[in-house]
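Dumping the structure here so I can ask a few things about it.
Should a chain be cited, it is by its letter among A, B, C, D, E and F, assigned in written order, with residues numbered from 1 in that chain.
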Amino acid sequence: MRFDEAYSGKVFIGSHPTWEEAKVILYGMPMDWTVSYRPGSRFGPNRIREVSIGLEEYSPYLDRELHEVPFFDAGDIPLPFGNAQKSLDLIEEYVDSILEKGKFPLGMGGEHLVSWPVFRAMYKKYPDLAIIHMDAHTDLREEYEGEPLSHSTPIRKAAGLIGPENVFSFGIRSGMKEEFEWAKEAGMHISKFEVLEPLKQVLPKLKGRTVYVTIDIDVLDPAHAPGTGTVDAGGITSKELLASIHAIAGSDVHVVGADLVEVAPVYDHSDQTANTASKLLREMLLGFVK
Amino acid sequence: MRFDEAYSGKVFIGSHPTWEEAKVILYGMPMDWTVSYRPGSRFGPNRIREVSIGLEEYSPYLDRELHEVPFFDAGDIPLPFGNAQKSLDLIEEYVDSILEKGKFPLGMGGEHLVSWPVFRAMYKKYPDLAIIHMDAHTDLREEYEGEPLSHSTPIRKAAGLIGPENVFSFGIRSGMKEEFEWAKEAGMHISKFEVLEPLKQVLPKLKGRTVYVTIDIDVLDPAHAPGTGTVDAGGITSKELLASIHAIAGSDVHVVGADLVEVAPVYDHSDQTANTASKLLREMLLGFVK
Amino acid sequence: MRFDEAYSGKVFIGSHPTWEEAKVILYGMPMDWTVSYRPGSRFGPNRIREVSIGLEEYSPYLDRELHEVPFFDAGDIPLPFGNAQKSLDLIEEYVDSILEKGKFPLGMGGEHLVSWPVFRAMYKKYPDLAIIHMDAHTDLREEYEGEPLSHSTPIRKAAGLIGPENVFSFGIRSGMKEEFEWAKEAGMHISKFEVLEPLKQVLPKLKGRTVYVTIDIDVLDPAHAPGTGTVDAGGITSKELLASIHAIAGSDVHVVGADLVEVAPVYDHSDQTANTASKLLREMLLGFVK
Amino acid sequence: MRFDEAYSGKVFIGSHPTWEEAKVILYGMPMDWTVSYRPGSRFGPNRIREVSIGLEEYSPYLDRELHEVPFFDAGDIPLPFGNAQKSLDLIEEYVDSILEKGKFPLGMGGEHLVSWPVFRAMYKKYPDLAIIHMDAHTDLREEYEGEPLSHSTPIRKAAGLIGPENVFSFGIRSGMKEEFEWAKEAGMHISKFEVLEPLKQVLPKLKGRTVYVTIDIDVLDPAHAPGTGTVDAGGITSKELLASIHAIAGSDVHVVGADLVEVAPVYDHSDQTANTASKLLREMLLGFVK
Amino acid sequence: MRFDEAYSGKVFIGSHPTWEEAKVILYGMPMDWTVSYRPGSRFGPNRIREVSIGLEEYSPYLDRELHEVPFFDAGDIPLPFGNAQKSLDLIEEYVDSILEKGKFPLGMGGEHLVSWPVFRAMYKKYPDLAIIHMDAHTDLREEYEGEPLSHSTPIRKAAGLIGPENVFSFGIRSGMKEEFEWAKEAGMHISKFEVLEPLKQVLPKLKGRTVYVTIDIDVLDPAHAPGTGTVDAGGITSKELLASIHAIAGSDVHVVGADLVEVAPVYDHSDQTANTASKLLREMLLGFVK
Amino acid sequence: MRFDEAYSGKVFIGSHPTWEEAKVILYGMPMDWTVSYRPGSRFGPNRIREVSIGLEEYSPYLDRELHEVPFFDAGDIPLPFGNAQKSLDLIEEYVDSILEKGKFPLGMGGEHLVSWPVFRAMYKKYPDLAIIHMDAHTDLREEYEGEPLSHSTPIRKAAGLIGPENVFSFGIRSGMKEEFEWAKEAGMHISKFEVLEPLKQVLPKLKGRTVYVTIDIDVLDPAHAPGTGTVDAGGITSKELLASIHAIAGSDVHVVGADLVEVAPVYDHSDQTANTASKLLREMLLGFVK
């Protein structure tokens, strides 16, 4: 032990010492100001880092260890409280800088709207991008009570950007009738209620495609993720979500970036949601990045 | 926005403006004074209303929206604290008044004993009534430590009222040996541990029957409903309970009333139980009332 | 009991039936999107209403009952999530409408920035307005990390609007050095750490003045108000805050409006903060409105 | 360590092995069925026992140790859930049995109504009884919404039993106007808001009298006792309550019994209320019993 | 009711009056000093006892009642805080004394390291012992950061004691790569992720063997057991764990002792983990002891 | 914003970039394995860092800003779980290394036993050391249930090391009779119950002395510090503790090191204890280091 060395601090377990050497950049997007129900996901990324100390660095699912995929936990992007547009601009600029260096962006939310600028950055680099989206909610609104920048809109914006036929949603169990109808008419894929089985059917069709994976933790049943903004009964188990990540990992798609959003620690006294998120991120890292 | 209008206040999302126009009356029975273990369900109905703001008004399960079934959230029946008999009398009188107008009563407990006066009111109007009961507990005691008015007794009372052969219990995983034996001898249906599969077998036999559905939220596993008086491991998931409600909705029985009881918010820091209850009530409303 | 009547729902205990007859309008401003630390005060007003059922309608401090000051709980102003400017505009318009009818506005926050549009509305009607401000924090920033609309700025804005010599802050124990220096130079009154004693010295100087009272619940010590966004040790007790309200009530100032802000229920498992807020509001109502 | 001995279990720290040898009987009255607001005090006595392990057996205030006052923790009286009258009868019978043996009853509530049968038992034995009552609430109602057996009534009943001139209330800060007026007219002592100073003035007048002390934990400010049914801001500190107990201990009154009621652990995540109650009970025991 | 009788206190529901008459000794091992993540399991046994009051004494799974298997709840072994070696010695001595009398030891942890001295005691009496181990974690480390006495090591120690071929682990989903590799090389059985199905395959091979069953509550998914030291997503349900216990109960192995460890109540606000543990213990008792 | 820079992570607000340049080293001692009641203080230092983001860097009490006292948050000393002796050795070695460089050690506990090796390190460098100790508990035991390394012993050890006449305890309200008697006989200063007034009397006597200040957060009343291992009613307020720190800061003693121990976040849902600790540390830093 060298006492004069800076303690590495609160970073995700196994994080490598420098940005430059890392293949993957793990970063937080601590924004929750457009949520319509329960705020608090701004504290998600830091709690996930904190509890990651309870994780092993080895995945018995993938037989792989964290050191095999050098990643750097870059901390949270400093975002201006209450200013949605500026926050989104900063996120896009940040992800641009990651992609420029050929690194894999692995984001932690924050509310789901943070994925929108990430989609933009990814699409600039990968014009053939497809998005795999796991969520309880459609997130297909054009606006929420007059606000176009809302946590209810990112997937609609994504569909507008990359084409609805390139967006694949799974596990959806809540939304307005109009959202489901719009998706149907637009030719966007929505699997209601389930994730793993429909995903196994979709993945072969995406063979060889460049894919971004965005997971809203509320795709899990409230029993498995009580610490989130909008809980909705009837979701999948963490075992099924792990299997879904492993299904993508074992498929022929080329994952180029991913995020996990909407962990709001204050609603979860036992920290099971943050613990589960830390494990999901380990599996995403080990499974998506070859 | 008209500023001089009264704010509708804390009512279940989508509630219609008046009692008269409504087809369904949603009401609370905030009583918990006979429980033997953890009290607190008196606050269930109001917390369910409060969190219903997180719900969509559309059910992707039933492809139906709340406005298609005009309902009125009538608030909680004011009950005298600690006086069980008088509380039960008030509930019966209240449900009588709903039935008199040909409306559908949809109750929120409160402890399970509140269903007893509802059964009485229903039976007066529907002498051929059958009861579908989902619960972790038999609730078949004749008394609890000398008290005939106890939360452990409502189903026994129901069996006495409408005949044990007209009571169908599902998901039961806790009770005294004597209760199970009594049910067997009396010819009452009890499905232990499971709900959906045995329900699918029973529903055809109830074809054309007039049915009241009473759901104790503790039929769910504690993982899915920690916020209740008596949690008991080994229960069903919220996905299974939703499917069970949809099975009844899609069957040939004629549901004439229903309740959901035993939500005790104080034991659930994340409010997942109240959130789940609000979704179950939306599905009961959209599924049971044609 | 008339069963066909709408239950009045979740309103503050003792609220009168109509807006028109009321002398005081009690309203919520459920906004928390510019806070820099812990969000959640959007749920403050409703929780305060909910727990007000534990209050008596009589104040033994003032020997007065709620029915002597007819007030109407108008609910929460519907505000667009994440859009600060539009929210503030709506609040100002709302308070204008209250003042237009000669009624007394009694607001419940939400974050402290909600007081800013109220100050504007008050000042339009009362150009000689003075503001009494109780808070742990100076709230004198010009901006927060580049954002002029921040929960750290309302008192600075107030000073700009009505003149720093008309703003009187009490109980302040946190701020940047620059804020304290600015106040000193600008001739604004700041009492550090204490409220009651300095207030008793200031009140005679305000004799006959028209006064708005804005109270940030965090002026209380965290022991007395754990449920708030930014707790800060070394505050006053609820007994001292009650006495301070009573000191204003017994003085010769003319209170024309008031608010109580920053109650964030999720950080307070025992709901003591909301309960305390409900009592403070009762005393403000009975003490400030003659 | 003898392994074949029964573990003494969850008893208050320092409890003596047998009922017979004990000078004081410590007993629980786990009833909460008539409360109008938040139930849960039925779990108070057991939580107090559980956390008493954190206490020292020595009081540095009184320079006395628990072994100097042999007491026996007799557990909770088994009470029939939801049956108020029967519960009260059992309590009275129980306290009769303690008094019959010349022992000192030290009760733990439960809601405050449990003190009513204790008053009856005490009065039968001590016809010159005076009652010292510390509470946030008057508890002087004749009935609550039609119920004469309510947690809002025990002091009124006491006044009826032993004469209002023999009841001395301290710390009262909540009640109906009528209750305060009744007390004034009846000649009953009420000290509003404060305990210690008025108590010091009253104690000399009670010199030589036989006194029962009943303490509702909510006489403490919510900061000091969040875990109770009805919290009310503006109360005293635990330091003041300890000093008040010591003032009685050092006076010339003859305390013949006492209780501490309304600890409701579920509302206090840190268990500070139960911990404080355990210390108060130790001081009552060491201070009241010579 | 005899008032002069000692209340039996906080013992597991249905406990028999004396050690001598009991066939089974239920005892707590309140040690948590070597855990690397979240401490608190020292309070597990007492909370399990406390909540056992919510259990029925009858198992509808096994059609058996607690009185059919006389057991004595002997309380917690008093262990010296922070001294791991001495604590383990005391546990071994304690279990020796149980086995000497031919009784069945049923232990409650405490951290998993408490099972190590139990294994030693069991092996002395039953040299052909096999161990069935259900857990999220391998617990196969030789040491943890230099400490051989760590909660990460008991199964490795067990394998060293009774031979790796006699240890059968189920449900494992976390560990170092080296641990899995060691087990493979050593010929120890590890079923990853699942419990019930692999157990059904292993049990016939253990026919007639003497078996000790050790269950770490974290084999359950965090949704089913949030109240434990190290939660890990992707676990089994309480329904599956109950079925696994019943599978052992119905097999031809001879269970001679068992424990359930790692319940840490402070991380579980709803007490669902302790409630679930109490039910699991009832089923272990009724299922394992003929 | 340079995106390729490492985010400084979770350090105390205002921490300087390097160990070398710092005048003060802030470090955590995450040990809680000898506590006899509630563990969890191992997580204290990190939670204090995390919530320090809610602090201003300016003290209006001392009119001083953090940048005026360059300090480096060195993180937590990695300690071996469950091994008390080795942990203490590491802490002593660590503090030696700080003192060797002429820096001021500012420690965060962890249980109070962590102060013992710090005392040793300090005494080696400052043989004329006096200790100011603020605590609810005497901590004067020679051993606890046979263990000499216990959280109940550090002040006794200190008295043995530097002489009882050089130890000054304040705020003590709990201990064994023997401990108080020993202190009296040994000539050690103990101020019972109060801190500020007796401290003001003692400080002049310590004029010119070299002093180490050790504060157990439980010297605060449970209302002000619910998040600690052993809460004890009747303590001082955070306002009084701040004033006591300022009294030392304004006196003529020469403070050469300090610590704040026993913050256990899991027992404090609102994080008020950690927030208060972060403010106390800021004031200790700005007040003690000239």
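To be clear about the criterion, contacts are C-beta pairs under 8 Å (C-beta built on N, C-alpha and C of every residue); 3 or more make two chains touch, one makes a residue touch a chain.
Values in this document were obtained by computation on a predicted structure and should not be read as measured data.
Number of steps on the shortest path from chain B to chain C, with steps defined by chain touch: 1. Common neighbours of chain B and chain E, listed by label, are A, D.
Centre-to-centre spacing of chain A and chain F amounts to 41 Å, using the average Cα coordinate of each chain. For the pair chain C and chain E, the distance between mean C-alpha positions equals 55 Å. Chain C and chain F have Cα centroids separated by 37 Å.
Residue positions 38, 78, 221, 223-224, 267, 269 of chain C each touch two or more of the other chains. Checking each pair of chains for touch leaves A-B, A-C, A-E, A-F, B-C, B-D, B-E, C-D, C-F, D-E, D-F, E-F. Contact residues on chain F toward chain C in their complex (touch as defined above): 53-58, 60-61, 63, 65, 221, 223-224, 237-239, 242, 269-272, 275-276, 279-280. Within the complex formed with chain F, the chain A residues making contact are 1, 3-11, 18-20, 46, 49-50, 72-76, 78, 90, 94, 97-98, 269. Residues of chain E touching chain A in their complex: 37-38, 172-177, 180, 192-193, 221-224, 226-227, 230-235, 267-269. The touching residues of chain A, when paired with chain C in their complex, are 32-36, 38-40, 42-43, 78, 80-84, 86, 144-147, 149-150, 266-267.
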